[in-house]
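By letter and in written order, the chains are A, B, C, D, E and F; residue numbering begins at 1 in each of them.
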């Protein structure tokens, strides 16, 4: 078993708030992240897959193919977008780093499996000092 | 003459567009950055000041004081904000990295001078791969 | 289960030595780190907690609260301090990166648990090229 | 149990290809990495070992000794070398990052054990955006 | 006047040697970099251009266009190549970082000027610890 | 004219204070940096030299030689030392980053010149967020 990781990135706007909270409650719970006019981040995304090395190629998975998958299924849908209003797989979900990482996992788990590897983790940096990691259920 | 630099950061949403352009023209000129629903960045800001070392303290400027100034005059106004709609010193300016850097220079030049140093440069990273630098007129 | 990490940092002086060793023995075992006049580091600290995402907030834990805890219980006691002589939770312990990481774990495990999450790991960089990681006993 | 990591680096040339493939097949499978005239990388290597802290020294392992081992057994054999043609432990192996990491593990597992610790992982960055990690069989 | 920088990267093999030197002389002057079997690097390239901000767009230069130029004229010719034998603009030049940076300047100076800006500097990292910078003659 | 930079690093303890100040005055002026029990940093040092490329070697200066000089004249005197009490060239100087950078310049200017290049700048990071740069008088 070996693990291989590909780093990709995207820039996006988001806002943390609940429509059923008052403005005061949103500010209390989500702080500056609840700003109604949005703010944004340069998200750094690390996708790790695991499996056996193919003796014919020396590869676990072709990284070009892994990168293509991540871009098609995740990055192109998030990059330069508003996560709260424009991203299908984030519909009706709070746009926290936790939830974005889980949603990215759901996007990639099946296709990575079809490509002959297993998704191991999704690691998402919201800032240089905050990141989440999800390993599936 | 010695140069000292302080790094600060802020997260913000922005959009590049001209109201007098059609949507097509905005997309052609500004690409994905013209997305009407905003996107955002983790901006990294490097402020460099220059001057003589004070023989009494060994300091060009007290970095605590420089950091306080940058936070009060720049970071607090930009962090977790929408640069196009919420930042007084960006009013009526296109929110390009170039214009943000110039506006930050204008905010800091006077106060740095009052504090006994001279502003040398404002360097602003919009992403890890794109940055602008302004040295004044 | 999801994992979230907060990065904090502190600068401190330390020295590796045993009072029951001769100077020669200290130099042989601890090398330049045994210098009697101290030396120091910019320590980078990554604290990872784990748990379930709260469906109401989308958070595993409020990062502001996690950061406050780390600063109050760990960073404020270490930053700009001499680890050998000024830090209560390092009393009678060799100031190796290993022991500092274990002591930081002990400081945080209870309070993180009270805050509704579980401490997963303490990762401490002594230099860019050396780091330790502790996951509890 | 604690984990300690040492970062080392080396620069090397390599090429991904199979002599039993045609040039077209090599290009199709390995892309630009199959260039017959070689290309190269700055490889970043992170070696993690695990074990108990020695109460006498506060160390899991003396990092000077760990660094010496990695340099003698791995880095000196790879640095400024052609991985396909000059590295004994890569003979008859495809020079993929996966295979290099596994081979480095095989070089280090025994000696780390003799030194009183256990090898936990070998993490190898081929570029800033691609890395593999191996934890043994 | 404002300065804007775009970071690009490429991986390549090279060798430092003079055919009119003996092997011993090459080793003495160029050290491990003279290895006849090549070695390689992940080169990081920072291209800085300068000029006035266009009041219509807020841009000094469209970064997409600058990136396209650098990729077409420089990166595509160097990436996954052997600098000594496959790169037209390095023909008959020693493949030192100094000479590569100068050659990149020569490739870009004219086209950047046609695009309405002025080339300010070419900064080339051969490793994380060594880089050269060229500002033209 | 071309510029080449070598990065080196050292860990050291220091303290900012004036013996002719009271403890209160030292705390007021130098903050936590005046702690009588010392603190320390991982200093990152970037030394830039400039000159013409030697057509015979393609080098401005042999980086091995530049690195050897910096280590012998600067790093070995500072690494794992107490800057206030153990470093000859910092005797009777406040151990601020500004003064350390100027003192490093004085150490290197002559020897770099003897080696056939000219010292251009000394850039010293005290933390990731604070650095000074000195270009000589």
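Everything below uses one rule, namely that a contact is a pair of C-beta atoms (placed from the backbone, for glycine too) under 8 Å apart; a residue touches a chain by one contact, two chains touch by 3 or more.
In this text the structure is predicted, and so the values were computed from the model without any measurement.
Shared contact partners of chain D and chain E, listed by label: none present. Contact with both chain B and chain F is made by E.
Relative to chain D, the chain whose mean Cα position lies farthest away is B. In this assembly, the chain whose C-alpha centre lies farthest from chain F is A.
If each chain is reduced to the centroid of its CA atoms, chain A and chain F end up 42 Å from each other. Centres computed as Cα averages put chain B at a distance of 29 Å from chain E.
Residues of chain C in contact with two or more other chains: 128. Viewed as a contact network, the protein chains fit none of the simple shapes, being neither a path, a ring, a star nor fully connected. Pairs of chains meeting the touch criterion: A-B, A-C, A-D, B-E, B-F, C-D, C-F, D-E, E-F. Residues 16, 18, 29-31, 93-99, 101-102, 128-135, 137 of chain B are the ones touching chain E in the complex. On the side of chain D, the complex with chain E involves touching residues 9, 11-14, 32-33, 35, 37-42, 79-82, 85-86, 127-128. Across the complex, chain C meets chain A through its residues 1-8, 48, 53, 56-60, 62-64.
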